[in-house]
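Look for chain A in each of the two complexes below; its partner is chain B in the first and chain C in the second.
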Partner chain A sequence: MSAEKRRKIEPSEIRPAPRPAGLVLDAQLHLLDRQVLDVDGVPVTTVDDLELSGPAPDEPIPEGAAPPSITALLTGPVLGTRIFGGRPPSNRLIRIPWDVVSGVDTVITVGVRSDSLEASWVERWLRNHVIGRIPGGSHDPD
Partner chain B sequence: MILTDLLGSDVVDSKGERLGEVSDARFALDSAPTQLLSQARLVGIIVSPRTASSFLGYERQGMTQPWPVAQLLRWWHRGSFLVLWEDIAMMGSQEVVLRPDYVAYESGLPR
Partner chain C sequence: MKRLLGVALGILTAIGGFVDIGDLVTNAVVGSRFGLSLAWVVVVGVVGICLFANMSGRVAAVSGRATFEVIRERMGPRAGLANLAASFLINLMTVTAEIGGIALALQLASGVAYLLWVPVALLAVWLVIWRVKFKIMENVTGLLGLSLIVFAVALFLLKPDWGVLASQAFAPSVSQEEGPGVYWYFAIALFGAAMTPYEVFFFSSGAVEERWKVKDLMQARMNVLLGFPLGGFLSVAIAACAAVVLLPAGISVTTLSQVALPVAQAGGQLALAVLILGVVAATFGAALETTLSSGYTLAQFFGWSWGKFRRPAQAARFHMSMIVVLLAGAAVLATGVDPILVTEYSVVFSAIALPLTYLPILIVANDPQYMGEHVNNRAVNIAGLVYLVIILAASLAAIPLMIVTGAGA
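Moving on to the complex of A and B:
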């Protein structure tokens, strides 16, 4: 980065922000790293990233273009990239479509059961292949 | 587009002068509801001249307690502002470019 680029300029005037009509969410504060619960209150995963509907990177945005929206919550193996930087490739991230999200609070709730989401595949695999083979592990506790 | 690619990017004005880094992205649920919730449209990006990180959003929520922490974080994030989607000319892989007549808005969350 050149010395000229490192020099920061600040806007001359900061105006009061317009107030959107609906709920306002800041991604880092209200969405990222939040726990996701399914319709029965069963933990599903945490939100590691968000998928937006646009814009295309490095392409000029035409004036009056419709704003992008969140298309999915993403979860995946991010521990390594949190420590060393970068992010996992897109195909390693599992999507939870925004259409199934039913509420955003201290936790994010989805309106479907955890079993119908790809995000819980590890838990299902362990249940079927490990827990289910332990004697007494294939039925509810009496 | 994936949000992490945007967070932490440099923000420059139309002349290439650096204004800061993308500290957060603001969304609003104000369109017609679809199945369960409204679509979350991008309102704009929060630009912080000093740091892309944020701690519990102290500086955006008007929190004043504990007093020393609130003062320190407010000072650290001084000069943060919101740029609306309409004023963004390009979102690149390295930097976000604003339009020539962009307007800076206060970054505080509506209460």
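Moving on to the complex of A and C:
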């Protein structure tokens, strides 16, 4: 860190955040642990964590920085870090880019097919290597 | 007319589907040791399962969400995972007990050792899960399970002293040689057998499988409110048969053939054959339900695609996990552990885990974001809270009582 003296911000100087327009989402209440459905209504995964833009938690925030925004829904082993603590290396994260999210209700919908997302790789692997190979696996039940 | 048939079918399958290996064994054990003095527990359990099955069915029909999705959303990942681990282990134990039950019933019919029947039962259960439509699966096992009415018929044929049975049931007393600790231990076991948590997972996921909407709720309510109490009546008949034949003879139930003894004595070969058919159907149906429930809970916690309405390849992780569960259950049985013993423990552990299932349902059934105008009314909430207290008391008392009584020995 540089030796440059940083200006201390008095609480009185902080203006209240502007009232956001539109729907207010609580990350904990409306996003985390919600079911994600694809464009056809097929379950993809559950939201295990969120990825935010901006500096890492222990880095100083430069003055005038843009407010953080959600860049991706995370899934996979990252769930373990929410339960047991720690932080996974960023190359191990499985991301669903926020750009593909098309709706947030009691479930989160994405506007693409589940099979096109990295989040469904275990499902596709098991389908192609195990379940799809057992006779009857790709027929409707009768 | 078609609608009426649908209602009748639903009620009949609910009766046949209510009894599983846990109810069969626990009721016979209790009847042979305490007569009907624990029949009140069945009544309390049946009212409870009606209340909460209705609630979870309503949550599923209104919000389209099954129980375990909601458990994780509302409890968060940490408590949700702990809940999943407990529910899954008990489910696995129940799957093991049910497959053991099918094998024991087939042994009773054929004389071939039950361990040889385990792979057959396993394969049959898996094939049905793999290929048969949800609705057909439910109806066939439920209707065949109705053969267990033979217990009620046998009770009449035994010409018991009804006054004695009634006084046992309505003025319960603990006999000298058993003691209050054992009495309450078996009360908890019986409560766990009637209220098994898998029924709730299965019921709510089944509502999603069958695409219930709000307009179907009336029929679902009738199935539950008529079917489960009549199933409970069958449970009491099992206990009563044991109370009439086994209690005076001093036989305490440790095998399935002892459960069947009163029926064979009252109705001979034919009744025994009907009984075996009923036991196979009931345990087979319950094996399907518990195996599916373990798949449902896992898939719903992790957000996988699930359901028998999809092709297996479209729900690959769901089907894979059920295959693993079935193999694990068979592996436990292959060690030679007594399935009746597994059953006796599984119902007590079910009772211990009850609050984990029932508290989140009660919370979500009151959440307008999911339920809109269909949130619980005041009467249901009061009943739900009363039951929560009973469930908590049973759950907390179970392990101390298990230690003190040496698991009811």
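By our rule, the second predicted complex is superposed on the first by the 105 of 142 C-alpha atoms of A that agree within 3 Å, B and C clash if a C-alpha of one lies under 4 Å from a C-alpha of the other, contacts with A are read in each partner's own complex, and residues count from 1 in each chain.
In this text, a residue touches a chain if its C-beta (ideal position, glycine included) is under 8 Å from a C-beta of that chain, and two chains touch if they have at least 3 such contacts.
Bear in mind that the values here come from a model prediction, so they are computed numbers and not experimental data.
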item: Of chain C and chain B, partner touching more chain A residues; value: B
item: Touching partner for A:Val122 - first (chain B), second (chain C), both, neither; value: second
item: First (chain B), second (chain C), both or neither touched by A:Pro89; value: neither
item: Partner chain(s) touched by A:Gly137 [first = chain B, second = chain C, both, neither]; value: second
item: Which of chain B and chain C A:Pro20 touches, first, second, both or neither; value: first
item: Overlap of chain C and chain B interfaces on chain A (superposed complexes); value: 32
item: Interfacial residue positions of chain B with respect to chain A in the complex; value: 1-5, 7, 13, 16-20, 23-31, 34-43, 46, 49, 54, 56-57, 60, 79, 81-82, 84-86, 88-93, 99, 102-110
item: In the complex, chain C residues that touch chain A; value: 63, 65, 69, 72-73, 76-78, 80-81, 130-134, 299, 301-306, 308-309, 311-314, 316-317, 319-320, 369-370
item: Partner chain B, residues of chain A touching it in the complex; value: 5-11, 13-29, 32, 49-61, 63-64, 67-70, 74, 87, 90, 93, 98-104, 111
item: Complex contact set, residues of chain A against chain C; value: 32-36, 42-46, 48, 75, 79, 82-83, 106-107, 114, 122-124, 126-127, 130-132, 134, 136-142
